[in-house]
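So, here come the structures, one by one.
Same chain, two partners: subunit A is paired with subunit B first, then with subunit C.
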Partner chain A sequence: MLQDFSRGLFTRNPVFVVLIGLCPALAVTVQFVNAVVLGACVTGALLCMGLSVSLLRNFIPANLRIPAVLIMLTALTTATDQLLKATAPVLSSRLGIYVPLIAVNCLILGRAGTFAFTHAPGRTVADALGMGGGFTLALGLIAFFRELIGSGTITFFPASGYGLIALPGLADSPAAVIAGPVGAFLTVGLLMGLFNVVRAVGNRRKAARRTSDDEGEGKTEGEAEGRTGP
Partner chain B sequence: MSVFSIIITFAFTGNIVFIQCLGWCPMLHPPKKTGSAIGSACAVVFVMTCSTLVSQVVGRYLLVGPVLSSFRIMCFVLMVTGFLFATERAVRRFWPALRLSLGASIPAVSANCAVLGTVFMSLKNDFSPAEGTLAGFASGLGFLLAVLLMSSIRERLDLENVPRALRGAPIAFITAGLISLGFVALDVALLSHIFG
Partner chain C sequence: MNRADLRNLISPFWRLGVVAVAAAAVIVTVGLATGPVIEDRLARGEKELLRAAAGGLAPGERYAAFPLTMSRTGFAERILASCPDDEARRRISACYEILPDDTVGLKQGLPESDRTALSLLVSSIGYRNEGTVRAYYPVESSGSLTGFVLELSVRGFGGGMKLLAYFGRDGVVRNAVLAEEAGRGPWRERAKAVRLLGLFAGAKGREVPVTRESLTGAGADAVTGATVTFRGLGLALREGSRFAARMGGF
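Entry: the complex of A and B
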């Protein structure tokens, strides 16, 4: 069960390794807060979907799996959309069409369609938390570099004035192209390459405490690579 | 908006793949042959045009008001998935040589987010149903262009000596970033020329 959880965080990270759920990872990572909020929405949807599909898995006939999953997920997405509109209208308008698009998120459809249909609720919840956590971590990492280089700030809260860290040198003359789609593709590509390097080194070493060490190394390397890349 | 500016906006300056970053599942494993790339992208163009037409009518005249509009997401997702499934079946039945290679991993669902993104985006603007359908068609043309670019570049990249860590998806994204740079540049130059 612990393995179900930890698998999604690193070795089977949905964005960097399995390559699913990439569209939101590219599109909403302009600001750190956007990425984390969308990650939280997706994690919540994964959890609800995993739990309900896993509980209902003996009652849904095999040929009705896709329609059943789609209908449940669209209902859940509508609820998420309305909740976000009511509680955080600024964020909701900034995330735009990517909140309704949770309804066709490959990650949720994939996990609900395969893992949840074959496993008990406990393991499914662990898997959903791990996958959602890995997704949120990946989005946060991408958004961190993109916002840092693209606008020279790190935004933690949507409200202006609070929770906004502006870096003195970068905020005056940021590389604005990184905040656009160009930066999204380049950052994701370079981070993915870096992730491959880290994984290869980790596999070679096979030390027990490889994860924490390499992530620390990875961040500084990624920054350097991200800066020289464009 | 004029017909010309809708086409330019949805096919180039707001390209669904390179600017809106949608529809990446089929882009990462593009069809190898140019013929099958065009064929499967044409199927997506068809689905995009049909589903924007239906969603413009349904979204503007049927699902209005505070209660009914909350059914939009559900209706559109089911409609788009239905269209994609039906198109895939039809292609398999009538042109067995052209397999819809866009949806190798999860059949039909993989182009879903591009089509659905187009539907939501064309509804956000103040379009008449005809203009909205045109926007869907133009967005499909943008998708066709993207599939062609990515599949032909990938074909050449397979022959190059790419560093091991960047093989596969990472180099595809870096390629896409450079293409997208061209699309971003097109935005400023072209729009200022037309409207300025």
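Entry: the complex of A and C
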């Protein structure tokens, strides 16, 4: 179960490794708070969808799982959008079309249509939390750098004036290109590269550790053989 | 086809139907719970914006602005003559039973003589509201009419915008707030930061700047880019100024 959770966060991160859900990752990451809220919405949708599909996997016929998932996801997204409009109208207007578009998010369709249909609720919840967490982490990182460099600010709360940190110097003359579409691609590309370098280094270390462990085990076996030999 | 085949054929559909009904129930439940909250919030937001536009005063009821309004001569004077007091003047469209937002209705609501006068005025020097002024809210202070908050439709670089602008009875721009913006982007934040709309305050009619070059003072340097938006705002405020001055009897 822990593996299901950590897979989405790092080894199969939806944005940096699997490259899905890139549309909102590019569009809403102008401000940190937007990215985190959209990430939370997607995580919530993944969780609800995963759980519902997993519980109903024996009820829904296999050949109708895509229409069933679409119907459930559309209802869930509409409900989320309405709730967001009622409770956080500023954020809702900032996120705009990207909340209703969760209904066709490849990440949720993919996880609900494949993993949840073949696994028990417990593992599905772990997978949804991992994938949602990984998505939120990626969006948060992209937005953090884009807002910091592109606007010279970091917005933690939607209401203006509160939760906004303006960096002296950078806020007066930010690199506005980073806040635009070109900056979105650049930031995603650079972070993706960095993420893959870290992963590669981690894998190499793991492999090296495994090799040394194997060698160690071989030596011990050899020594043991030597001691017990004629 | 035997009963078992029929059951196999129907089974997936009724199961999908159950899922669809459950999904619809979720949407209806959430809609019923959140609908009134959203409506209430929108109404309160609109009121707050109007109050902000009117500089703290509470604007009155909303009246839709009719596409063809008063001219400099003749028609305006006649309307104003039949609406001598402020109370009647602020509901000028009601004086002649003019149907708002409808040119045909406007003409039909007028007596025959005024219909002819209207046609003449529109074809000559008539003031024509092309749809920039969507609605007006009379603003009162100490029991007398001080001006109007106009709902203006602005064409900006990123799309349409809704502007709420407060004009004095003489058509002078007193204040303006951006109510809605279709094309979102850094411009909105920038406009807030430099108090762009404040740069128009005090101007009237053709004095309202529509190019950055015509700006003076410290604000001029702050307005960079967004030339189309700036021009759109300026033109809409000019239109609003003319409208407010006609409504105010100037």
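Note that in this section the second predicted complex is superposed on the first by the 206 of 230 C-alpha atoms of A that agree within 3 Å, B and C clash if a C-alpha of one lies under 4 Å from a C-alpha of the other, contacts with A are read in each partner's own complex, and residues count from 1 in each chain.
We adopt the following convention: a residue touches a chain if its C-beta (ideal position, glycine included) is under 8 Å from a C-beta of that chain, and two chains touch if they have at least 3 such contacts.
Every value quoted in this text rests on a predicted model; they were computed, and no experiment measured them.
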Combined model on subunit A where subunit B meets subunit C, clash or fit: fit
Touched partner set for A:89, first subunit B, second subunit C, both or neither: second
Which of subunit B and subunit C A:78 touches, first, second, both or neither: both
First (subunit B), second (subunit C), both or neither touched by A:110: first
Partner chain(s) touched by A:1 [first = subunit B, second = subunit C, both, neither]: neither
Touching partner for A:68 - first (subunit B), second (subunit C), both, neither: second
Superposition-derived comparison: subunit B or subunit C, residues of subunit A touched: B
Which superposed partner A:59 touches (first subunit B, second subunit C, both, neither): second
Subunit B versus subunit C as contact partner of A:186, first or second or both or neither: first
Closest approach of subunit C to subunit B (Cα atoms, Å): 6
Subunit B/subunit C common contact set on subunit A: 67, 71, 74-75, 78, 82, 96
Residue ranges of subunit A in contact with subunit C within the complex: 56, 59-61, 63-64, 67-68, 71-72, 74-76, 78-79, 82-83, 85-86, 89, 94, 96, 151, 160, 176, 179
Partner subunit A, residues of subunit B touching it in the complex: 18-25, 28, 70-74, 77-78, 81, 106, 109-110, 112-113, 116-117, 120-121, 124, 163-166, 169-174, 176-178, 180-181, 183-184
Complex contacts: residues of subunit A adjacent to subunit B: 19-20, 22-23, 26-27, 66-67, 70-71, 74-75, 77-78, 81-82, 96-97, 100-101, 103-106, 109-110, 113, 177, 180-186, 188-190, 192-194, 196-197, 200
Residues of subunit C touching subunit A in the complex: 11-12, 15-16, 18-20, 22-24, 26-27, 30-31, 33-35, 37-38, 41, 45, 184, 186, 189, 192
